[in-house]
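Heads up, there are several structures right after this.
Shared between the two complexes below is chain A, which has chain B as its partner in the first and chain C in the second.
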Partner chain A sequence: MSESKLTTDKKSDVKKIEDQGILKGLEQLTPEKIESVINQVINDETGARLKVYVDTCVHCGMCSKGCHFFLSLNDPKFSPAGKVKQTLWEILRKKGKVSPEFIKDAATVAYTQCNLCKRCAMYCPFGLDVAYVMSVMRRICHKLGVVPLYIQDTAHSHSATMNQMWVKDDEWVDTLMWQEEEAQEAIENLRIPLDKEGADIFYSVIGPEPKFRAQLIFQAAVIMNAANENWTMPSMPGWDNSDMCMFTGDYEMMERLKRRHFESALNLRAKRIVMGECGHAFRSVYDVGNRALGWKMPPIEVVHAIEYYNELFEQNKIKIKKKFDRPVTLHDPCNIVRGRGLHEMARNIVKATCSEFIEMTPNREHNYCCSAGGGVINCGPPFKNARVESGKAKAKQLFAAKAKGAEVVIAPCHNCHGGLEDIIHHYGVDMELKFFGDIIYEILELPES
Partner chain B sequence: MNHYDKWDWDIGKKEVADLGKWRDKFQYIEELRVSHDGEKVAAIVKNEDMEFTVCVQSQVNEPETWENSYDKVWNLKFGPDDRLSALVSDTGEWTVSTDDETWENGYDFIWNMKFNSNGNIAVSAQKELSYSVVNNDTPWQNEFSRLTDMVISPDGEKTAAVVESVPVLESEIFKFRQGCYSIAVNGETWDKNFMNVWNPYFSDDSNHIAASVRTSYYDYYIAVNGKTWDKSFSSVWEPRFSPSLTLNGTNSNTYSITAPVKKGGKWFLAKDGEIFWERPYFQLWQHLYSPDGKKIAAIVAPEFGKWTIALDNTPWDITFSDYLSDPLFSPDGNKFACIFKDNGKWGVAIDGKAWDCLFDMAWQPTFSNDGSHLAVKFKKDGFYYIALNGNIVDEKYDDLANPIFSSDNSSILLKGLQGSSYNRKVIKI
Partner chain C sequence: MHDFYYFATGPFAWIAFLVFIGGSIWRFRSLLELAKRKDSIVFEYMDTKFALRSIVHWLIPFGSRSMKINPTMTVVTFLFHICIFLTPLFVFGHVILWKENFNISWFTLPNAVADLMTFIVIASCIFFLWRRIKLPDVKYLTTPLDFIILFIVAAPFITGFWVYHQFSGFAVMTIIHIISGEIMLMAIPFTKLFHMFLFPFTRGYIGSEFGGVRMAKDW
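After this line comes the complex of A and B, so read on.
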């Protein structure tokens, strides 16, 4: 175990990062196209919100301490205001007359140096939302075709398959059947009911679950069966609640994805959607995607796994054999804490399942981002080192929790898992990561056959 | 006379199956399916050897399982002709079984079983990681690296699907942008590829197929038989053929296509590439034609968060906050209904007015032949009911199928589970 990397790390030179999605995208640009796209987005797609944000900012820099990039790298260009200066301010000042080289740097800032976590909005005296400004920059880059290759590829997968991971229609059903068989080892005659009409729960997951983390579907099936739920999963596209198109700026595809997801559940006449432990998908289903389609709220009740697990314990729907006996700490994911206020419910679950809980500091809505969210981890290997360096503040926070005795980090979000995994490995934090589902499954008292 | 007239329309109730006997016999029973005429119920069960099979029962028979049993059975459905089909797998090979008779050909996986109105069956299939469609046990000659969104034509002779016409690897984002997807009809692809293709849809005469496509991130079109409209839009939803032209036109090559299109951040209905409904909406989708093709209706949001029906571009005055679905014209085209969700409760709206009764859930409504009656299955406080013209009729059920009107509009057929009895009941209106 060592904290030496916290002091010895050198900053990656982002100027030297070569991403083929950005570089080849630039080759297709002309100054005229750049100006035309920028002005179309600014004039047709933004309004008072952007103008207020840009006009109100007094450049005080109070937002700096709200950003884990700034806290980790201690460089003003990584402050939220600094990022706006490198992107939208310059674009507005020049009325869209910016160079391809500018777009290259702006794309790098918008896609890889801001997690859209909205922590800075709490530190701005006016509550300005820099995540929105970065999203406008991403929208411009999407329309210019200058998007990091890896996240562009996931957006393409969404468009062709309606899921993030190029999972084919047959692979999805086959995976569910495989996980059903596996789970029958734990509960005889357990089912993952496909396309069941009128179920109380339509359970949806993100693309990486069938692709890389199929055991989470298995665990969810065991928990649903132990709780005797009337539940279902769809056999056809629409099962994936995730949304990288929201993060690339491809809002037309975001709308298509969300419509398919909602209609999958509603056509089956499900009472509500219960989502797995994912943060960004919740943001898309509960806030951004539904509103883009015209709904003030989702057309069907949407429940994050934290709300669902909390309900299981509050209503005594499941029993546990004994509490998880290793000391745990809890990472508060931005999209479900700052975005939905589920932090106390998460602590209720910890209390119900774990014998020793150690808070990391800061916590709840002030928690530091994992540095992976907002699509940043999805920009892939070219940006990995820079991303992990921006997680130095998080690493310090984890070391502090560890010093108080925490051995396990609970992170109820897939992207947070990915980001924290890299931080834990890179800085030698040596803590174990778990989802709530892992812990509940481990201590669950299984029903008799 | 339609095939409904051959059914038993005598007023009264009869027990089709006693599920108690099933529970004595099987320790594993999946969801019940009921035939359209209500004379048979079926379910996937496990037999004594703990293998999957299908149990079927009619009023005159004891519950009987299929002779064949399998490692897996799923997607059990009664087709429009009331034959019972399922996707079955034995030692890893999948095929279709209809009334316990399997197809000759087997595949590594099959899914998305579709019927045409005559009961023809098509499935999407994968064999050795190549993808095709199988129509009544006949696979396409051509295979593809990806295939999705399969549809069967109204006459059952054709199947179509979105296919990866140019194999593209993950991370080949610039090749993807050049266009690697198309529509294959009976295995033959359109001669043009697109960045994306969605929503293939056959004309009523089965001669044409339309789809939504995009050729770049911001150029969305409707394509018909492989040819795009002249104008692009910033997004489009699923297209529909005008039935009046495809059915009544003397030249089957004369057709008209409509689709919701997005322009300047608002949605419009376009026809053959031109804006047809000039009024802009915050949202517009699921448009449909009256049976005679003379009227068009659509689900619209005239403003953010407010949903209603627009009939020939005139929105109803009433709006709903949560959701609208299952829009339908009466057979004579003079009435229009849908279900809605408003402030968390479901209901039925007809010709711009909502029924007084609200439900926990509602299913697709159905009109009588003359359009004088509207019935809907709904759920309230854990039980299922039928509402007719805004009033609850008959008893409560533990499970219930959608109601069917007799062709003379005098009776309704109800099929549902009450306790352990699966009952078939005809009631006089």
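After this line comes the complex of A and C, so read on.
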């Protein structure tokens, strides 16, 4: 496999994708139910913003080049405004009188063909927020019970366990103790302090960390210990900062999750929340979830791993043995770059840790999305091929960075990792993926034991 | 013929201005009311500094990456919007009407300049029409109403050009020119042409979100 995959124009027929969550949901729909649910959402939950976004769009097509789906597939249906046309535009025009078949297609568009990355808002002259419009569509689909199966399963896990991955309470503590033991190989007497009151740092992670990437907890523990931090992790639910309910449109559940997370930190009287290298979780804690709960900004300071690592280097809290010596490039994740402007801090960390840095273009706020975000990767296997095809623009961008010599891609976000991994594999990009945590752990000078 | 002329420049002109101003105020007020009831978030996050920062970047030609990667569209849209706004206000033939009817007058454009600007508007409309027909992504978004709006916008300029150059039948064309201008005015509050008034608010809001919360640029 090689760059030749970039030129083939074979496209998966999205219409043929069968998702059991969507199909089962459709069986329960009647035109009356569709109309009443749509009008409830439109009348009770939206207002001038949606109206202005749909009415102001002059159909100029400037947003097309803002979307990596359009850039990858070169199909008008994938331009941001084209997605609005297939969803809310029709719904508002027909005042909710749409068919189950329409809902099926609209759900596919809203859940799997938009990463809610908000890049298009930077390409639309009016700054119309198509991600918001797609979220309204998802909200309608959630209320109609038409949600892709795999992401709905994670939402169910959230409601049953308060974490995304069906991790049981004892498994969580067990995983932390296991990682603590592993990390003691690196630093003797290392601890992962549980439920410590008044700590400077309340460290939270996403469900997939204990489930699939437990070594990240181990690395974080080593870094925290090396920096001599007064930190803690919660032993009870509230430890998971991730939020698939935000992406399915289940806002009630999203509010419960965020509340539990904030309260876990506040109950322990922690000074601030530091979270791992995850993008969507940051969005849910810093932007969406807090607003849903009525907090203009989070009720307790929320610090993303990038901001935290940057602080470690600025304040000389950790030392490195030597710089990471393979050439790296950096992927700017939407939720922490367009969502929180952490791109310069990320570059500071690269400078502090790596000897050779090669920029991807476009970069910073204009970087292409990994195609996995916004819950798209969580919609699972039925949509995987279509998702990877929509990452063609990203693959080209990676190949260009590789041509300049980059061997390693740093992607400080879990979803980006998942998405980029698939893109790298499918297009044969042959680059290695790393988190900042991986690199820092690798070059960290451990304290004398 | 004369009756038509007097109707077009008299009662219909008053109606057109009333509908334009009254309609615009009504549309603004209804959106504001709705926003107050349903989108308090907009008022919470709106931030003058960041709103202006965004608006300024988007009012400068090639001030955003979007404009840089669409150079033809950028040049055409800027010229089009400048000309469509300034020409009717400062063309000699219009200012003289204000002078005759209300005894107020102001700066006028040299005829040759106004003529060129009119031509630019017409040529831009042809460019927009071409985009709507030829570019697949724009074509996909285009509705019949988009063509009608484009026609409503182009008509006063095509007829104005006609009248100024005194092509055949320009007397009838004068009346059509006046009526088409009035139709355009009246269409503004009730069509997508209202974007001229909404731009500062939509741009300002996303600018505030990006500047104040997201701490990122939006251009």
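Methods note: the second predicted complex is superposed on the first by the 447 of 449 C-alpha atoms of A that agree within 3 Å, B and C clash if a C-alpha of one lies under 4 Å from a C-alpha of the other, contacts with A are read in each partner's own complex, and residues count from 1 in each chain.
Keep this in mind: a residue touches a chain if its C-beta (ideal position, glycine included) is under 8 Å from a C-beta of that chain, and two chains touch if they have at least 3 such contacts.
Keep in mind the model is a prediction, meaning the values are calculated, not measured.
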item: Superposition on chain A - do chain B and chain C clash or fit; value: fit
item: Chain B versus chain C as contact partner of A:Arg269, first or second or both or neither; value: first
item: Chain B versus chain C as contact partner of A:Asn385, first or second or both or neither; value: neither
item: Which of chain B and chain C A:Ser79 touches, first, second, both or neither; value: second
item: Which superposed partner A:Ser36 touches (first chain B, second chain C, both, neither); value: neither
item: First (chain B), second (chain C), both or neither touched by A:Lys296; value: both
item: From chain A, separation angle of chain B and chain C (C-alpha centres, steps of 10 degrees); value: 120
item: First (chain B), second (chain C), both or neither touched by A:Leu194; value: first
item: Partner chain(s) touched by A:Lys51 [first = chain B, second = chain C, both, neither]; value: second
item: First, second, both or neither for A:Asn348, with chain B first and chain C second; value: neither
item: First, second, both or neither for A:Gln215, with chain B first and chain C second; value: neither
item: Minimum C-alpha separation between chain B and chain C after superposing on chain A, in Å; value: 8
item: Footprint overlap on chain A, comparing chain B with chain C; value: 291, 296-297
item: Of chain B, residues touching chain A in the complex; value: 27-28, 30-31, 46, 72, 74-75, 108-112, 124, 126, 131, 146-148, 164, 170-171, 173-174, 176-177, 181, 195-196, 198, 214, 217-218, 220, 234-235, 262, 264-265, 282-283, 285, 301, 304-305, 307, 321-323, 325, 341, 344, 360-361, 363, 379
item: Chain C-touching residues of chain A, taken from the complex the two chains share; value: 46-49, 51-53, 55-62, 64-66, 70, 76-77, 79, 81-82, 85, 121-129, 287, 291, 296-297, 337-341, 343, 362, 365-366
item: Chain B partner contacts - residues on chain A that touch it in the complex; value: 21, 24, 44-45, 142-143, 145, 149-150, 152-153, 156-157, 159-161, 166, 168-170, 173-174, 177, 189, 191, 193-198, 235-237, 250, 252, 255-256, 259, 266-267, 269, 271, 291, 293-297, 299-301
item: Contact footprint of chain A on chain C as seen in their complex; value: 31-32, 34-35, 37-39, 41-42, 44-45, 54, 58, 64-66, 69-70, 73, 77, 131, 135-143, 146, 192, 194-195, 198-199, 201-203, 205-207, 210, 213-219
